[in-house]
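Some structures to go through are shown next.
Below, subunit A partners subunit B and then partners subunit C, in two separate complexes.
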Partner chain A sequence: MSVIVIEHLARVEGHGGITVELEGDAVTNVRFDVFEGSRLLEPLVRGKRYDEVPPILSRICAICSAAHTLTSLKATEAAFGIRVSPQTELLRELLFRGESIESHALHLFLLAIPDYLNYPGAVALAADKPAAVLLGLRLKKLGNRIQETIGGRAVHPVNALVGGFGKVPALDQLIELRSGLLQAAADADAAIDLMASLPAADFCHSETVYAALRSPHLDSYYLGDEVMVVTDGNRAIVPASDYASLTNEKAVPHSHAKHSSFRGSPFMVGSLARLTVNPRRLTGKLAVAMKRLKLSLPADNPMDNNKAQALELINDVERALEIIEQLLRDGIKDERPMPVQPRAGTGTAITEAPRGLLIHSYQYDADGCVVAADVITPTALNAASMELHFRRGVEQCAEREEAVITKRLQMIARAYDPCISCSVHLVRR
Partner chain B sequence: MGKPTVGIFGLTGCAGDQLVILNCEDQLLDLVALIDIRDFLMASSENRTDCPLDVALVEGAVLTNRDAERLRAIRQRSNLLVALGTCAVWGGVAALDRGADRSQLLEEVYGEAGHGYDSSHAQALREIVRVDLNITGCPIEKEHFLAAIAALLNGDTPVYPSYPVCTECRMQENNCLLMERGLPCCGPVTAAGCGARCPDLRVPCIGCRGPMADANPVSLLEVLEQKGFDRRQAAARLRTFAPEGVA
Partner chain C sequence: MKPPLVIGLGNTLMGDDGAGCRAAERLARDPRLPSGIEVICGGTDLLRYADEIENRSRVILIDAIESEAEPGSMSLIEDGPEERREHAHHLSAVQQAELLRVMTGTPIRLFGISVASATLGTELSPAVADRLPAILDRILEEL
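Let's look at the complex of A and B:
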């Protein structure tokens, strides 16, 4: 038996590795090892008042901190029966878009693209191709500016509260964001050019099950309470209240991330899943860009998630602009958060973090203190699917040279854009 | 003299402080021209894991034996060790469990599988090794990181505010959330440096930068009690980010 071990994955968030065991040419075992320490944040919010929960659980992960915050708010508001204003919903969607732009730009330009061009990282890439890195940094900065303007800070937003916002952005701040977004449209197009010019990553094919938020607005990361699972053309719907049937999480000894499956199959969440579940988004500029990237859906190659992220960059910039136009048209109102009246009960929220489905579910007592909290993150949902694709990647690799296999495995891992801090989370049974 | 060699490391945490470094979009390429980053796993797959370093920047808390071993190894190879962010400086939110039965928490969450996990109480870096400079914040402020690099390049050490968030808030002439609106604001005991970001947005300070030196939490607890808060819960609130810093 031979063993291939990637001790510590580079250019991903958090601490994880990959182990592959081979018997001759046959793959006998594949593991995505997660050794990120367990912070046990979910049991630690027990007894905390509702206003303390979002900032604590936001610390699960910095890169997805806006998504964690907003999903937390949505779950608490569901538990207390609070309906926020349409303006708050728009501002929250805008905050999601800012996070998605920042996160996708960071992942594509600083972490993933160096692989395709055989660079160890963005610093080395910048020495030879500064324009590519600067393009990524510009988009990333724009995403952060949106998060700073709406959320009050780029990492761990402070301005989003149960019921609304501390302070809504001023008119001139929105106008400034609009001009930034208008300039970014060209950058998002340039990102497609760059992606289209990369060598094909064609070394892992597998039938894949996809899951994403089914939103009444087709194109929302925030609104909606159902998950759609697409298997081989068949569609199944899972309501938020029944999220356990989607995840079927089980703890495994080699990983601090629990593994998920839907009706026995691992499934993939994230950009590629979102486009697969909501294909009606893919019109106009997006349809043209999709052709240029030679992407067809449903895809059978997990590496296509990088293409899907590039498409979402275009879409996020367009959607953020639409939201700002609407806010400017309606006139931004200096709203205060809705009054909060805690009550005993349970609230579950499902949203789309940059890396895919994110679920927060809380049980509260009558004073508005947490009795139980459960958080299911995209990277935890993806863990079983990643292992499946690692296995396919090794099986389909004609060369048995370790360096080739190792590089492919790392590229597959990075295509998932794993966020390992996120994946380490604790679920009460 | 050549460029100073630097390593950037994350122990257990949210990677937020490393993200703040990557968020210096306008300075990043200039920065990598001034310093020689030898080891930065989050950003590069070619790292020198054994070379001596002039400066090690370490974020996150120590939660596993693996974390502790990595930290000792980093200390050994580094001239200066900088704790980056509230988790590294104080323990951070993961240290909320001090006093709880960790094995029970693990079992509750992971079931039987939890018994074998490498996992212990969150510790700040200074509880394991000598730390030369603390840059607090959850996450750190971009400007504080850049100031530290600039100072270190000039053989200097950066100076951060020694007063509370309250002072910064007053300088901005905000109405007091604590005294006037009775909100649970941690501004009087929390280290400044954020420009009173939260109270400036009418959001009470949650203490994410950890306590300032010479904080008087007892007096704040008395005020909170007068405002109708349960003393035990209020004290727990003050300890959210720094278990030992505040009474």
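Let's look at the complex of A and C:
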């Protein structure tokens, strides 16, 4: 038997990354280990008052801190029966879009594209093709700016509160963002050009189940309380309050992340899932871009998640512009957050973080202190699906050279854009 | 050209992982800090500060490092970029620093504080906390 181990996906002692066991040419076992920081953070919020929770849980991830903050707020508001204003909903959606732009730009340009072009990493790509990296950093910067303007600061937003925002953006700030977004539209188009020019990554095919937020509007990352699961053309709906019947989590001996499956099948969350579940927006410019990227839905190749992220860059920029136009048209109101009256009960929120479905669920006592908390991250939801695709990737690899298999597995892992090492990031020797 | 900048990196919810951040917090309040020097207590994403790093005479980064060295000791990390294959998802601080050197041309020196324990908790381990004064002395010397 031969074993291939890629150790550095997880960054906590004793936990490997991907392990593949081969018996001759046959794949006998594939394991994917995940260190799931959020689960370990849950005890930190137990007993805390509702307004202390978001700042703690926003630190689960440096890249997705806005998503964790807003999902936390949405869960608390659900528990207390608070309905926020339409303006707050728009500003929260805008914050989500800023984070998505930042996250996708970082992932595509600094992590995924070097693989396709056979560079060892972003530094080598920057030395050789600085324009590509600059393009990514420009988009990332715009995403940061949106988050700073709406969230109060780029990392771990402090301005988003239960019931609304501490301070709403000024008119001139929105106008400045609009001008940045108008420029970014060209950058998002250039991202499509770059993605379309990459060699095909055609080495893993498998029928895939997709799950994403079902939003009442075209494609909200924030609004909506139902998940839609698409399996081979069939669609099922799961309400947020019943998220356990979506995830059906099971502990697996080799991973800190429990594995999720819906009706016995692992499922994929993230950009590709969002486009599959909410294809209504894929018209006009997006339809043209999709054609250029040779993407058809539902896809059977997890590498297509990179293409979906590039499409979402266009969509996020467009949607952010629409929101700002609406805010400018309606006039930005200097609203205070809604009054908060804590009550005992449970609140669950599901949103679309850049990497996919994010679930926060809290049980509060009558004083508004946390009795129990559950946070399920997109990477945890994807763990079982990733493992399945790793297996397919190895099975479909005609070569048995370790270097070839390793590179393919890493490319599949990166296409999922997993967020494994957010809680502990230290440099390891 | 903007004045020198010090950025402390880390996750302060994960014990010694936040050592760089904690050091930066202390440095910002230290009366010995030369005037004009700016200090940021950053999170775990150095690239967020690309704009801040641009057009600086120099930048000093302080981060946590897991190594054989005594916990709380600090050393200059002079390695070139790590091979990215070691990481599935993100760029390490070493790689981010190298990328920012290439993109901005700003001289960047990365110091690593050896950790004792990077597990859940908002406090530094006693071994690292005890060495903070010496860490600050070293950074001030560098400035």
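Please note the rule applied: the second predicted complex is superposed on the first by the 407 of 429 C-alpha atoms of A that agree within 3 Å, B and C clash if a C-alpha of one lies under 4 Å from a C-alpha of the other, contacts with A are read in each partner's own complex, and residues count from 1 in each chain.
Criterion: contacts are C-beta pairs under 8 Å (C-beta built on N, C-alpha and C of every residue); 3 or more make two chains touch, one makes a residue touch a chain.
Being a predicted model, the structure only gives us computed values, none of them experimental.
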Partner chain in contact with A:120 - subunit B first, subunit C second, else both or neither: both
Partner chain(s) touched by A:133 [first = subunit B, second = subunit C, both, neither]: both
First, second, both or neither for A:166, with subunit B first and subunit C second: first
Subunit C versus subunit B, contacts on subunit A by residue: B
Touched partner set for A:297, first subunit B, second subunit C, both or neither: neither
Subunit B versus subunit C as contact partner of A:418, first or second or both or neither: second
Contacts of A:144 with subunit B and subunit C, given as first, second, both or neither: both
Subunit B versus subunit C as contact partner of A:55, first or second or both or neither: first
Touching partner for A:5 - first (subunit B), second (subunit C), both, neither: neither
Contacts of A:410 with subunit B and subunit C, given as first, second, both or neither: both
Overlapping contact positions on subunit A, where the subunit C interface meets the subunit B interface: 8, 37, 40-41, 43-44, 56, 59, 62-63, 65, 106, 110-111, 114, 120-124, 126, 130, 133-134, 137, 140-141, 144, 154-156, 410, 421, 426-429
Partner subunit C, residues of subunit A touching it in the complex: 6, 8-9, 17, 37, 40-41, 43-44, 56, 59, 62-63, 65, 106, 110-111, 114, 120-124, 126-127, 130, 133-134, 137, 140-141, 144, 154-156, 406-407, 410, 413-414, 417-429
Parts of subunit C lying in touch with subunit A, wherever the complex brings them together: 9-14, 16-17, 42-45, 47-48, 50-51, 63-68, 77, 81, 83-95, 98-99, 102-103, 112, 115, 118, 120
Residues of subunit B defined as touching subunit A within the complex: 10-17, 19-20, 22-23, 25-26, 28-29, 32, 37, 40-47, 61, 63-64, 66-67, 92-94, 96-97, 100, 102, 105-106, 108-114, 116-119, 122, 138-139, 197-198, 201-203, 206, 208, 233, 236-237, 240
Residues of subunit A touching subunit B in the complex: 8, 10-15, 35-44, 47-49, 52, 55-56, 59-63, 65, 106, 110-111, 114, 120-124, 126, 130, 133-134, 137-138, 140-141, 144, 152-156, 158-159, 161, 166-167, 251-253, 256, 258, 410, 421, 426-429
